[in-house]
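Dropping the structures in below, format is C-alpha cells.
Two complexes follow with subunit A in common, the first pairing it with subunit B and the second with subunit C.
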Partner chain A sequence: MTVTASASAMRPPVQRWLAIWALALAAVLAVFLLQDSLPWAVNYPAEAVVPVADWVSALMRWIKSNLSWLTRSITAVLGVPLDFALNLLAKNFKIGHGPDAFVLPRLSWIGVCAVAFLAGRAAGGWKLGVLVGGCFAYIALFGQWTSAMLTLGLISIAVPFCIVTGLFVGIWAWRKPWAERLIVSPALDLMQTIPTFAYLIPMLLLFGNSPVSAMIATAIFATPPMVRATMLGLARVPSEIDDFSEMAGCTARQKLWRVLLPSARPTLMVGVNQVIMLALNMVIIASMIGAGGLGYDVLLALRALKVGEAMEAGLAIVALAIALDRLSQAIAHNHAQGQIYQAASPIFWRRYPNLTLAVAILAATTLLSLFVPAFAAVPKAITFTTAPLWKAAVSWVTINFFDTIEAFRVALILNVLNPVRAFCEGFPWLGAVFLLGLAGYQLSGLRLAFLVAALTAFCAITGLWEKTMATVYLCGISAFISCLIGVPIGLMASRSDRFEKIVTPIIDTLQVLPSFCFIIPVVMLFRVGDVTAMIATVAFAVVPAIRYTNHGIRQVQPALIEAAKVSGCTPRQTFFRVQLPLALPEIMLGVNQTILMALAMIIICAMVGTRDLGQEVFIALSKADSGRGIVAGLAIAFIGIVADRLFSAWTAKARARLG
Partner chain B sequence: MTEATDQALKTAGKDARPIKLACRNVWKLFGSNAADFIRQRDGKASPADIAAAGLVGAVRAVDLEIRQGEIFIIMGLSGSGKSTLVRCMSRLVEPTHGKVEFEGKDLLKISDAALIELRRHRMGMVFQNFALLPHLNVLDNIAFPLSIQGQDRTTREKRAQEVIELVGLRGREHFYPRELSGGQQQRVGIARSLATKPEIWFLDEPFSALDPLIRREMQDELMRLQTMLHKTIVFITHDFDEAIRLADRIAIMKDGEVIQIGTPEELVVKPATDYVAEFTRDVDRAKVISARSLMRACDGSEHGGTVAPDAKISSFSASIVSSGKPFAVVNGSGKPIGEVTPQAVIDLLAGIERRGADT
Partner chain C sequence: MSLRSMISTASMGVLALAAASALTSTAQAAAPESNDPIKIALFDWTSVNLNAKILGGILEKLGYTVEYPTADYLSSLTTGLTNGDLDVGLEFWDTTAGEAMKASDATGQTERLGALGPKAKEEWWFPEYMKEKCPGLPNWEALKDAKCAEAFSTAETTPKGRYLGGPVTWEGFDDERVEALKLPFTVIHAGTDAAMFAELDSAYQRKAPIMLWIYSPHWAPAKYKGEWVEFPEYTPECYTDPKWGSNPDAKYDCGKPHGEIWKYSWAGMKDKWPVAYKVAKAYTIDTDELNKMSGDIDLNGKTPEEVAAAWIAAHEADWKAWAQ
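Our next item is the complex of A and B:
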C-alpha cells in the first residue's frame, strides 16, 4: 500500500499529464513535418533492419536437418492413433494391398447419427438429442459426411492430447508460482495472440504436409485454455477444502488427485469445452497444411471463388460446431451439478444403458453396411445440394443491387479506409514507440513502458513497420466499428430482458463459429479486398463488446441502483451517473477482447487479399519460408500484447479507483 | 459421574487431567524475514516493534494449555487471529516462533510423515463452510478420511455408517452435499471428522454459517455427542453466547493476543480488561454466576435452604426470593462454607453491581 502511495505521489497529477501529452503529440507532429531532415525517424531505414527472419530460418533449417529423426519418429508415433481415428470415422480400414485387400468398413453414418442423438439425449434430454442428432443428419444429407468425419477424427485425437497436456502444465504452474510467473503465463499470452497461421509454418517445415502436422498445430493451439482452466480451477478451490485434505492426512498426491482436481471439476469442464471449440477452429485452418476435411473444402471453393460450395461446407462446419459445443456444455453442466443418486446395478448394460445401446447400434449398422450400401455411404438419392441456390442468390443480389453495394464499398474505401490507412502508414515509427511507451508509463509504470516500447520497436527494426501499421489500421477500424455496434446493443440488452433473450442465442452461436465461416458470405457480396476483411472482422469481433457491456451493466449491485433511485435520480441519471461509470471497467475489458479478436480475424482475412502482416504470413506459408512467417507472426502477437497490456493496465487502474 | 469429579478438581484450583495440547509462546508473523525478527528478539516483541519492521502480527505470544476432555473455546472478533491460532495448533499454518506441544511432544519438530500419521488418526477438524467434497455423496464424504488411510471399502463404509447413525443422518447416505440443508451439511462435516475416532477435535466456527435456530440445535447436538465421546475440543467462535453455553474454559483473543483465559464465570465476574467486560456486559449473569461467587460468610441468621457452591444463581433464584431467607452454601460433605442472601440475588438479577460480596 505504501508503495503505490509513494509512487502516485512521485508521478505528476492529471493536469500535468495533459500538458505532457500535448507536448509529446507536438513533438511527434514536428518529427512528421521535418521528415525530410529526419527520414530515419519516420520510416525505419532499410539498411538498419535486423535480419531476425534470416536467423530464424537458419535455426529452423538446422533443426530440420539435425532433428529429422525426432520429427519422423513423432510423426510415426502420432500417426498410429490418428490413422485409426480417421479410418474408423471416414476412410475404411484396408488390410492387405492391391485389389485383393480386405476392407473393413468405417462406422456407418446412420449409426453415428443415432449415437449423436443418444449422447445428446443422455446429456441434456430430448431437445438436445434432437439438436445434436439433427446437426449430424444435416451434415450427412448435405453430402459433407466424409469431410466432416475427417475433421471430427482429427479433433477426437487432438482434444484428449490437449486436455492431458493442459492439465499437467496447469498443475505444474499452480505448484510452482515462479514457473507460472516466468514461463507459463508469458507463454500462454504469446500462444493466444500469435495468429493461427503462424503455427502452421514451423509444423509444415518439421512434419510436412500431413494430417499429423495439422494435428500437432491444432493440439498446440488448443491447449492454452486447458492450462488456464486448470490453474484457475485449482486456485478457486476453497481454502477450507485445502485445509480439510491436510487434516484428513492426505499425502501431496492424494490431495491433488482425490480432493483438489475433483473439486475443481466444473472449471475444468469449461476448459474442455473451450479446447474442443478451439480445436475445431484450428483444424479448419490447418487444412492448409494437410488436415483435409471441411476446412479443405472451404479453402478449395474459396480459391476457385465457388461461393455456393464454400457456403455449403461452411454451414456443415457451423452444424458440427454447434453440435460439439452444446454437447460438451451440457456434459460440463451435468458434471458441475453432480449426479442424482440411483441404485447402481451390477449388470453392465443396466448400469450404462446408453453406452450399451450406442455400441450395439454402431456395431449393427456397421455390420449391415457390409451388405447394404446405403448404410456405408449416404446414398446420392437422398442428399441435397444448396450450392446452385446460393449461387443464384448471389447472382440475383449482384444483378439487382450491384450499384448500391458497389457505391457503399467505394464510399467506404474512399472516405474511411484510405484516409486512416494513409495516416497510419505515414506515422513516424519513433513517435509511435515514444507515445505508446508514455501511455504505458502513465498507466502502470516504467516496466510496462519498456515492454510496450520494446515490442513496438521490434516491429520496426525487423523491417515490418509499414505492414504492421497496415494491420493496425484495419484492425483498429474494425475494432472501432465493432464497439460502435456492440456496445449500444449490449446497453440495450442490459436494459431489456426481452431484448437480451433475443441477443443471447445469436451471440452464443456467433461465438462458436470458426473464424473461416465469417468470410464466406461477405466475399459473396463484396468480393475480395479490405472492405470484405473489415466486415467479416466486425461480425466476428462484435460478440465480446455486446457480452461484456451487458454483463457489466447488469452486475452493478441492485443496492446501488436503489440508493440512486431513493436519492431521486431519474432513470436517465441513474444510468449515466451510476450504472455506466461502475460498468466501465467491465466494458473496457470487452473492448480489449474485441481488439484481440479483431486482430486474430484480420490475419485470417489475408485470404481475401489484404496487404498487411497477415498477407506476409500467408505468403510465407505458401513458400514454406519459416523465418519470414514466424517474425511476421511475432509482430502480430506483439501488436496484440501491446494493446492487451495497455487496456488491462487501464482497466486495473479504473477498478482500483472504484474499489 | 466424571463430570462431578472434574468440577471438584477444578474448584480445588488445580486440574489434574493431563495436558493434551499446549502452546508455548506461539507467534505467527507475516512479512519478510519474520522468523529472524522474532528469533533475534528472543520471542519478545511489542506491537510497535512489529509495525516498525513492516510485519503483521496474526498471533502474538500465545501461551495456553488445553486439558484432556475439556471444551476449550477460543473467542474473538474477526481478524483477532483465532483462526490462525487454531491452524498453528494443527500446523496447517506453520508458526513463526514458539512450541506447540501435543502430549508434551513438540509438533513443530516432527517429520511430515509423522504429522500425516497424527492427523490421520488423532486429530479431526470441522470447518465453518463445511468443506465437503462436492463430487462425493454423504457416505463417501464421511468415509473419505478412512479411504485416504487405505482402508478397504467394507471396513470404511461400516465405520461411516456408524457415525452416520451417531449424527442422525440415516437415510441420507446417498445424497450429494448440494442436496442437503446447511445444518445437515455440517452434520456430515461432524460425522466425517469423527469417523477416524480422533482424540483432539478442532471446530473452526462450525455453526457460524447456520441460522440461529439451527445453530442452537447443533449446539445441543454437540453437547450430546460430547457426553458420549469425551473428546478434547478446541472450539473457535465469535459468538460469546455460544462460548458461554458450551465452554469449560474460554480464551479471549484480541489483535493476535490472548487477553484472558478462564471459565465463563471468571470472565464475567473478574474481566481482565475493559474489552472483556464489554463482551460480558449483556450476558445473562444469573446463568453464569454460581453461588460461590455471590456468597458471604455466614452471619448466624436462619437459612431457608441449601445450595451447592457450583449451582448457578438462575437455578435457585426463584426459590430464594420467595423464601425471603438466605440459603446456606454447602460443600460436598454437607458442611456450610457461606451463605447467599436474597438481596444479593435480587441485585444480581436487577443488574446492580455488587462487588463486595466475594471479598
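Our next item is the complex of A and C:
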C-alpha cells in the first residue's frame, strides 16, 4: 500500500514536466512560424547589438598604453630562463656578435638520447629506458632534432611554470572556498574553453612576438588541470592524516607542505602529466607567435602541400609526447608506491649515481661535439624520411577511391548536414534561451537556469547568433557521430583486453597528433567544407568517448557482477542490466568531454572553410582586432560551458538515482 | 636597448667576460651600429622566408646579429612591426594585405620600405585540360555558358559551377564578382590556401574539373599547367563606381587587382641601424629568379639557407653597393 502511494506521489512531477516541455516546444514552434510578425525573436535585431567587442578593444588599448612596461618586464624576466633552455637544447650559445662570435655548443644529440634512456631506466626499468631513448633516437633519425629540441625547450620551462602556478592557485582555492567559487572555478572554465587563437592578438600586443608569448599562451591553456588536481588532491587527503598532523603539533605551514601535499602526491602527478600533454597540444598555435619548433614545421610543410613532411613532424610531436608521458607516469607510480628511507651517502655520486652519470655523459658528448661534427648535429647520412611514402599513399587513395568517397560525401551533405544546418540556423534565439533555461531549471534549479539563459543570450546580443548556431550545428553533429562510434568501441574494449591493447595506442596518437597533419589529406579526399571539418573533429573528439566508456564499464565493482551472476543473470543481462546502468554516469562524463573536444576543434575547422565562430576568430586575428576575437572566443566558451553544466547536472541526477 | 636584451647580455657577460669586452670594442665600429639582434619576420610560405634568409644573410655578412621570429602575416603589420618586436617584414601583397597595410600606415609606427620587385597577380585559374570541356576559355564570357558552368560543377552545386575562393580574410570580393558578372557559379571559401591547394592537387591527379583562385609568385603555377581566366581589366573605378563596366548597377564587374609586394619595417629601424635600414630599403629581387628559387625549395628539396647563400654569393657586388 505504502509502496504504491509513494510511487504515485512520484508520478505527477514527471507528468507535469512532460506537459511543460510540450507547451514550451509549442511556444517556440509558434514563434518560428510567426517569424514574419515577430522577426526580432528569431534573428536578433542588428540595431540592438551590444558593442562588447568595442569595449574589449578599448580596454586592451588602455592596458597596452598604460601597463606595457609591466607586461614587457614580465617578458624580459621570463625570457632569461627560456632563452637559456632554447640555447642549451637547440640554438647554441653565441657570445659576442657577428661572424667572429664565440659559440658554445648546445647539448649533443647523442648525449640527450643517452640521458633520456637513463632517465627512463631509473624511473621504470630497462623497458621504459629503451622506449624513452628510442623515442628521442626516432626524432633524431627522422631529421627533426633541432625543431623537436626547440619545442622541448619551450615545454621544459613552461611546464614547471604551470605546475608552480597551478599548485599555488590550487592551494589558495582549497583554503578559501569563496575564492574557488567566485574566481578560480569560472576562470578555469574560461581558460580551458576559450580557443587560444581568440587571445593571440592581446598576447602579441602585451608580451611581444617572442617565444615568451608562446609560453604564456601555452601556460594559460595547460595550467587548469594542475589547479584542479591540487584542489582535488588536497580535498581527498583522509581526515585522519589531517587530525594526526594537528596532534603532532604541526604549524599550518608545516601541515600543508610536510603532510597534506605529500599525501596528495598521486593526484598531483596526474595533474603534472596532464599539463605536459596539454602543453604539447599547443605547439602548433605557439609556433604562430614566435615559438618555432615542430609546430612551425607542420604549418610550413602543409602550406607547401608536403603531406609527408607534415606527417613526420607531427609524428615527432607524438614521439616526444609518448616519451614525456610514460616518463612522468612512471615517476608518479614510483612515488605512489612510497619510498623506503635510505641513509644518505655523503658522497655525491654515490647518492645520485644516475644524475652524476647523466651530467658526465652530457658534458663528455657536448665537449666532443666541439671537435666531431657528428656529435653536434645529426649527420644527414644517417637520417631518413618516409615522406614520399605518405604522399604516395594519399595519391593512391585519391586516384582510386575518389568517386566512391565523393558519392558518400554528397549523400551525407544533402541528406544529413544541410537539413540539420538549416534547422539550427533558423532556430529563434529567444526560443533557445527559453528552452535551455527551462532545461537548467528542471535539472538543477533557478541558479543554473539563470546562468544558462544568460550565457546563451550573450551570444545573441553580441550579434553572433547565426554563427553561434552554425557552430552548434557542426559541433553537435560531430559530437553525436563521435559518440556513435566511440561508445561501442569503448564497450568492446572493456570486454576484451586484447582489443583494448590495440585501441589504446591509436587513441593516444589521435589525441596528440596535431589535427593539422591529417586535415590536409582529408581535404584531398573530401574537398573543402563541412564534411572534412566533421571528419577531423570526429577523429579528435572520439577519444574521450572511447576512454571513459571503457573505464566506466571496467570500474564496476566485481562484487556487483558476482551478485548478478549468483541471482541467475545471463551474461547479456549482466551487461545490459547491471554493468551498463552502473557505468552510465562515467559514460555521460565521456560524452560531455567529447562535446568540449569537438568545440576545441572549431577553430581548426575554420581552416578548411567552415563559416562559424571559428571563422570569426580568424577574421579578428587577421585584422588584429582584439575585441572581436575575444568576444567570438567567449561565445565559443559559453557554448561549452552551457553544454557542460547541463550535462553535469544531468549526470549528478543520474548518480543520485543510482545511489 | 631593451630590458630583455640587457639581461641576456648581462648573463652572457657572466659566462665569458673576455668575449664581452671584445663586444664593446666592436660596438663602436661603423657597420653594426647596435648589437641588438635585427628581427626579420618569418611567415608561413616559402618565398617570404627565402627573402628573409637572403636579407638576413647579407646583414650578417655586414656584421649584424639577425634573428628570425615566426609571426602571423596580416596581424604582424599592426602588432609586432609597430613596436619593434619585429624589425622587418618582407612580403606584404597589395592583393591580400591592402586593408592591413592601410591600418599599419595609419599607426605611423611602421614604414613602407618600397616594393620588393615581383608583381603580385591573382585571379580565377583552371587547369589546361578543362579547355576541352569549355573551349571558350580563358575568356571569362565562356563561363556564362550554362554547359561550361556545368562542366565545373559538383553534385551539390549543379547546375552551377563550383569556384573555390581564397580565405575570407584575404579580400577576394568573389561573391560580389559572381553576382556583378552574372556568372552561374557558386563560391566556396577555402579556410586556408593550404586546403585550397590540397583540393587542386587532388583534382589535378584525377584530371577532374576545378576552378579556383591562384596567386603568383607561387610554386603552383609552376607545378600545374593551366591558365588564368581573362576578366575585364581591373581599374580602381571598377571597385568603387557601379556605373563602370558591363554591369551598370554593380561594382566588382572586372578582374582582380594586380599589385606590388611591399617591404615594411618598424619605424625605429632607421635611427637604430642606419646601414641595415639602407640595405633593407634597397633590397629587391627578380621575379623569375624568385620563382625558380622557390621551386628549388618546394619541389627539389633544397633548404632555404642553401638557396639564400647561393644568391648572396652570386650578387655580392649588388648588396655591397646597397650598403654604401
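To be clear about the criterion, the second predicted complex is superposed on the first by the 601 of 659 C-alpha atoms of A that agree within 3 Å, B and C clash if a C-alpha of one lies under 4 Å from a C-alpha of the other, contacts with A are read in each partner's own complex, and residues count from 1 in each chain.
One rule holds in what follows: a residue touches a chain if its C-beta (ideal position, glycine included) is under 8 Å from a C-beta of that chain, and two chains touch if they have at least 3 such contacts.
Note that this is a predicted model, so its numbers are computed, not measured.
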Is A:D54 in contact with subunit B, with subunit C, with both, or with neither (first, second, both, neither)?
neither
Counting only touches as set out at the top, which of subunit B and subunit C does A:T610 meet: first, second, both, neither?
second
Regarding the shared-chain residue A:P238, is it in contact with subunit B (first), subunit C (second), both, or neither?
first
When both partners are placed on the shared chain, which of subunit B and subunit C touches more of subunit A
C
Quick one: classify A:E562 as touching subunit B (first), subunit C (second), both or neither.
neither
Identify the partner contact of A:L525: answer first if only subunit B is touched, second if only subunit C is, both if each is, neither if none is.
second
Quick check on the superposed pair: does A:G79 touch subunit B, subunit C, both, or neither? Answer first, second, both or neither.
second
If we count contacts the way the header does, which residues on subunit A are in touch with subunit C in the complex?
72-73, 75-77, 79-80, 83-84, 93-99, 101-102, 104, 200-201, 204-205, 208-210, 287-292, 296, 299-300, 302-306, 395, 398-399, 402, 406, 410, 413-414, 519-521, 523-525, 527-529, 532, 605-611, 615, 618-619, 621-624
In the complex, subunit B residues that touch subunit A
87, 90, 92, 116-121, 123-125, 127-131, 133-137, 144-145, 148-149, 174-176, 178, 193, 196, 202
Spell out the residues on subunit A that touch subunit B in their complex, using ranges where they run on.
238, 240-241, 243-244, 246-251, 254, 258-259, 262-263, 265, 337-341
Residues of subunit C defined as touching subunit A within the complex:
2-4, 7-8, 11-12, 15-16, 19-20, 22-23, 26, 32, 35, 39, 41-42, 44-46, 49, 60-61, 63-65, 69-80, 83, 85-86, 99-100, 103, 154-156, 164, 167-170, 188-199, 201-202, 205-206, 208, 219, 298
